[in-house]
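Shared between the two complexes below is subunit A, which has subunit B as its partner in the first and subunit C in the second.
Presenting the complex of A and B:
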C-alpha cells in the first residue's frame, strides 16, 4: 500500500479533492513525499539564491560591516559609488572592452563557421581544433598568454613579430595596448564556442532556399548574402547580446593580467566591485559593492529580457 | 518530443535537443542528421554544380587550407608550445622561447611540479570540488525536477516561477551577499568558509539545471509512470527505478556542464577558500607563480591543462553538442 494510490492522477488533481483538503488528506495524498523531494531544491535555492538576492537589495541601502549591526543609510551607497571618480573610468573601460571584443571576436567566428560548413572532409577536425582553446582552463590561458605577452625582445609574441620585422611591443605594460591585449586573449579563449553555435545554426538553414536562389541565378556570394545571413539573423542577435552580457562581467582577464593597471587602463566594473568589497584598505565596503552590482544588474537585466524576447519571437 | 510549457522559447529547451540526439534546435526547425549517407543529399551554400567549377572549387580549397593552417597554429599551437616548454629548462624558454630544445629536455620539471610544488594536492582539491559540485547539482536538479514535473504538488508553479526568475539575476549581484551568507549562514550558525561545502552547496542553486531536467522529465511518457504506480511503485521507487534510468542523456549533459563549470571557476573558490591547502588549481596557479621557477610553473600549467583536454578529446561529441546549446546557457 503506497500513499500515492489514493490519488487518481498526479497530473490532473480533481477539483473536489481540492475543496476537501485537510492536513490528513494532504498527508495521505503524498504531500509529505512531494515536500521531501522538493527539500534539496528549496534549501539550496533558499539559502544560496533567494536569500542572497533579497539580502543584496537590503544591503545596498545599508552600511554593512561584519562587526556592528547594519545601519540604514538610504541612497548613500549609490551616491558614494556614483561620485567615485573611478566609476567613470571603469564604465568606459568596460565599454571599450566590449567594443574591442565585438571588433575582434564578432565577425571572425561567423566567417569561420560559414567556411567550415562547406568543408567536405574531416569536418570534425576543424571543429575540434576551433574548440580546443575553450577547453583550456581560463586561468591557465591567461597565465600562458601573460608569458606570451612578455614585453622584452625575447618574448614569445615579440619574437614572432621580429621575424616579420616589427619592433617589440609593450603589450600589457602600456596603457594603450593593455586592453587590446586582454581582448585578444579573451577572443582566442571564446571564439571556438561561438563557431560551434553558428555551425549548428547553419545546419538549420533549409537547403531548398539555396536551390531556389540558384534557380534565380545567384552566385555563391549572393547565396551567402541573400540566404545564409538573413537566415542567421536571429542567432546573430542572440550571440551579440550574449557577448555584451558576458563582456560586461569580465573579471578574470583584468584581474590576472594587469590587476586593473597600468594606471587604471584595464579597471572594469566587476573589478571595481571586487575592490570595493574585498581589497579595500579600510575593510570591506559591502554596501557600495552591492549598490554597484545592482546598477550593473539592472543594465544586464534589460539585456537579458531583450535576449529572452528575441529568442522567443525568433524560435516560434 | 513535446513542449508542454510555452513559457520559454525552444532555444532554451536543450532537453528536447538531447532527446532527439541532434545538434540543432536553435533555429526551431526540424534538425537534420549529419550522418554520411544523408550528407550527400544534404547541401550547403555551395552546390554540387558549383563544386565542379574550378573557379569556385580552387579558391574554396585554398581558403579551407588556410583556415586549417590557422586553426592548427592558433588552436593547437599554444598547447604544443606549453607541452614543449613544460620540459624545457628555464633559460632556454626565456632566451629562445620558440626554439625546440636547444639544450636538451628536462623531464624533471614535471615531477618537481607534481610533488614539490604540490600540484598533486591542488589537483586533488580540484577533483574533490568538481565531484562534490557535480553531486549536489545532480541531486538538486533530479529531485527538484521530479517534484516539479512528475509529482506536481499544488504549489509547484510558485516554486518553478521563483527558480526561473533567478535566471534573470546576473551572478554578479549575488557575489557579495552570497559571500556574507556563506560566512554566516542562517539556520546553520557555523561559517562555511574554508570548507568545501562553501563551493558545493551554492553550485546546486543552478536554475538552468532545474530547467533542463524538468523539461526532460516533462517529455517522458506519463503512461509508464501510471503503469508503475498501478504495479505498486511508491514515490521514491518511481523516481529511482523508472525516472532516473530513463533520463541518462540529460544527466550526462548536466554532468558535463557541472564538471566544466567547476573546473573553470576561479573567483568564488578564491573568496571562500582562503586556506591554500584547500584551494583548487585555478586559484593556486596564479599565487604560486611568483615563488616558482618558470620551467616548473609551465609544467604545472601543462598538467592542469592535460585533464580537460583529454576529456574533451575522448568525449568530443558530447562537448560539441553541449556547446551548440551552450550559447543559450550563458545568459
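Presenting the complex of A and C:
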C-alpha cells in the first residue's frame, strides 16, 4: 500500500531536478540544437501565419491605403461594418448556404462511403470516381459548372431537363435558385475527400460488431444505426465542425459563379470582406475588411468552443 | 555539445541556401540596374492569341534594339475593377500598366503611381494632348502623371449575321432606343439568340446603365462647390432600366445570361450568341485579339441619343508607372510608354512600323477611337496607316461616320467605380426578378451612392 507520506518523497526529487535545470544543462541536453532546428519553422509560421493575423488586428482599427501612413480610427471600422445593411444580407446568405450544405452535403459522403464499403468488386474504381472532382482544380470545376448552368434552353442541364419535358431553369440567373445551385457544385466538388475519410474510418470498425448484430437479428439499417454510426461518431463530429467552419468561409463559388449576385442573393460574409477590400479599384476599405474578418474569426472561435463543450461527453 | 554544433552548422547551411534563393529572386525584380542595364516589367494584355503575342514580342525586340541598356520583361495584365485593387495592394503590378480614366486622379492623389511628370514634360508632344482627354491623367497642379494612350465613346456593337438571319438590314442598325428594342425582339424570335445583352458584374452593370442613361440626357452625379450629389433616381435612369425590364420580361429578347462581365459578354458576342450590346467604341481590337471574332459578323454604330444634353459616355486608358519603380526604372518605363503606346499616334515612321507589325501578325489595324491629340492628328495618323488597315471599315461606317457628331460626356467625376458598383445589383435585380420595382431600386441606390459620395 502506498502511504501518503511516501508520495512527497517521490515528487520532491522531480521538483528539485527541475529546479536544477540551468542554461548549461539545457545546452548540454541539446536545447540549442532543438531551437535552431525549430527556428526555420517558427520563422515561416510566424511570418506567414501569425504576422498577417497581427497585422489584420492592427489594421482593423486604422484607415489605410497601404501606401500612405495609416490613421488610427478606434472602433469606427467595426461600427461601419455593423451598420452596413449588406452585413445582414451576407450573414443570412452564409447561414442559408451552410444549412443547404448541411442538408445535402453532409449526409451524402457518408451514404456514399457506406454504400461503397458494401461493394465487393471494383471498390478502387468507385473510390477513384468519387475522389475525381477533388482533383479537378476548383476554378476549372466552377467554369465547367458555369457551362452546365447556362440559363438558355441550350445549356447542358436545361437540355437534359428538356428531354423529360421540363422547361429551362434559370439556375444562377435567379435569386431563388442561385444559392442551391452553388451548394450543388460545392457538394460535388468536396464530397470525394470526405468519402475517403469515411471509408478509412469504416475499416476501423471491428467486424465482430457486425457479426454480433447479425446474430441479434439486426437488419442492414439496424447495423448502420447501431454499429456504424456510433463507431464513426468521433470522425463525424470532426467533419461536421470542419464543414461548419468551411461553409462560414465560403467564397470561391459565389465569387466565381455570380460575383454575389443576382441582386446580392449570393453575397456571403467572406465575399463582403473581399468587396470591402477590393471592390473600389482606387483604394479598398481595408480597415472594414479586417474588422469584419476579426468578427468572423471570433464568432467561429466561439462556435467551435461551444460545439466541443456541448458534444464533449458524447464524442469521447 | 557536439550535436548542437552540428545542428548549428546544418542550420547555417540551410539559411545560406535560402539566402541564395532569395538573392536569385531579387536579381530578377524590375527596375534593378546591373552593369548599367535596367530591367522593367511591362503589361501585356491577358489572354492574347498567339499572333498578338508575336506582334508584342516583335515590338519588345525593336525597343530593346533601340535602347540597348534596357531589358523589357512582360507580365499578363488586364485591368478589372475587382482585381486591380488587390494587385495594387499586393504590389504585384508590372512597372508599366494601364488604368481607366476613372482611376487616374485618385491614384495620383494617393501617390499610388509614380510621379513621372517631369519625364512626360520632356516628351515632344506633351503640350499637344486633347485637353478634355489629358485632364484625366493630371494632378491637381496640372502635371501629367498618367499618359492618356486611348480614348473612346460608348458604341453599340452588333452582329451582322444575326441581323441578316432575323430579316434585318445589317447596313441599317437601330438609330433609336425603340428600334433597339424591336430589332432585339426580331433577333431573339427568329434566331433564338439574345437580341440585346448587357453587362452586370464587377461594376460593369453600373457602367453600361450609366451609358444608356447619359444617352437619354441623364447624369449620375452633379457638383455644387465641393459637394457631389447623386442623381441616379431620375427619369433617364428610370427609362433606361424600364427599357431593360421590358426587353427582358415582356419581349424575352435578352437570352438567359444576366451575369455578364466585360470578358464574358465579349466572349458570347464573338461566339455569335448576342445580337447587340453597348461597350467602348474601340472594342473591336479586343474582340479579335482575345475572342477571335469572325470579322464578317461584326458591325458597329453609335449609341442612339435622345433628349436634351444626351451624349455618349466617354472613357479611356492611361498608362502609368508603378510607385515602386526607382529613377532608372521610371526613365525606362516612360521610354516604353513613348515607344509602345504614344509614338504610334504621332510619328509617321512609328505609326507605319506599328501598323505593319500588327498587320503582319493578323492583328486589327485601324479600329476607331476618340483622338488622344486633336482630330487633325488623328486623321493624319489614319492616312499614314491606310494601306495596313485590315478592320472591316465598311462595317464600322455607321459608327465612324457619326462618332464626331456626338457629344462625349466624361464619366462621373467622384467615386466612379464605387458608383458603378452600387448600380450593379439594380441592373441584376431588374433582369432576374420580374416584380422588381424600378423606382424603389433607384431610390435605394441613390441613397447608398450619396453615402459613398459623402465619405
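One rule holds in what follows: the second predicted complex is superposed on the first by the 254 of 316 C-alpha atoms of A that agree within 3 Å, B and C clash if a C-alpha of one lies under 4 Å from a C-alpha of the other, contacts with A are read in each partner's own complex, and residues count from 1 in each chain.
In the analysis below, a contact is a pair of C-beta atoms (placed from the backbone, for glycine too) under 8 Å apart; a residue touches a chain by one contact, two chains touch by 3 or more.
This one's a predicted model, so the numbers in the text were calculated from it and none came from an experiment.
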Query raised in the report: Does subunit B (first) or subunit C (second) touch A:264, or do both, or does neither?
Result: second
Query raised in the report: Which partner does A:162 contact after superposing on A: first (subunit B), second (subunit C), both, neither?
Result: neither
Query - Partner chain(s) touched by A:277 [first = subunit B, second = subunit C, both, neither] - result: both
Query raised in the report: A:30 contacts which: subunit B (first), subunit C (second), both, neither?
Result: both
Report task. Once the structures are superposed on A, label A:151 by its partner contacts, choosing first (subunit B), second (subunit C), both or neither. Result -> second
Requested in this report: Once the structures are superposed on A, label A:200 by its partner contacts, choosing first (subunit B), second (subunit C), both or neither.
Outcome: first
**Report entry** Partner chain(s) touched by A:70 [first = subunit B, second = subunit C, both, neither]
**Finding:** neither
Query raised in the report: Should A:180 be classified as contacting the first partner (subunit B), the second (subunit C), both, or neither?
Result: neither
Query raised in the report: First (subunit B), second (subunit C), both or neither: which does A:170 touch?
Result: second
Query - Contact breadth on subunit A, by residue count: subunit C or subunit B - result: B
Report task. Identify the overlap between the subunit B-contacting and the subunit C-contacting residues of subunit A. Result -> 30-31, 33-34, 37, 39-40, 66, 155, 274, 277-278, 286
Query raised in the report: Given the complex with subunit A, which residues does subunit B contribute to the contact?
Result: 8-12, 23-24, 26-29, 31-32, 34, 42-47, 49-50, 56, 60, 63-64, 67-68, 71-72, 74-76, 78-79, 81-82, 94-98, 136, 139-140, 143-144, 146-148, 150-154, 159, 162-163, 166-183, 185-187, 201-202, 204-205, 207, 210, 222, 225-226, 229, 232-236, 238-239, 263-264, 266-267, 271, 281-283, 285-286, 289, 294, 298, 301, 304-305, 308-309, 311-313, 316, 319-320, 323-328, 330-331
Report task. Could you please specify the touching residues of subunit C with respect to subunit A in the complex? Result -> 1, 3-4, 6-8, 10-11, 14-15, 18, 79, 81-86, 88-89, 99, 102-103, 106-107, 110-112, 192, 200-203, 255-259, 261, 323, 415, 417-418, 421, 424-426, 428-429, 431-433, 436
Report summary line: In the complex, subunit A touches subunit B at residues 2-5, 9-11, 13, 18, 30-31, 33-35, 37-42, 44-45, 47-53, 55-56, 59, 64, 66, 112, 114-119, 124-141, 143-145, 147-148, 154-156, 159-160, 188, 192-194, 196-197, 199-207, 210-211, 214, 220, 223-224, 227-228, 231, 234-235, 238-239, 241-242, 245-246, 249, 251-252, 255-256, 270, 273-274, 277-278, 286, 289-290, 293-294, 296-297, 300-301, 304-305, 307-308, 311-312, 314-316
Query - Complex contact set, residues of subunit A against subunit C - result: 27-28, 30-34, 36-37, 39-40, 65-68, 150-153, 155, 168, 170, 172-175, 257-259, 261-264, 274-275, 277-284, 286
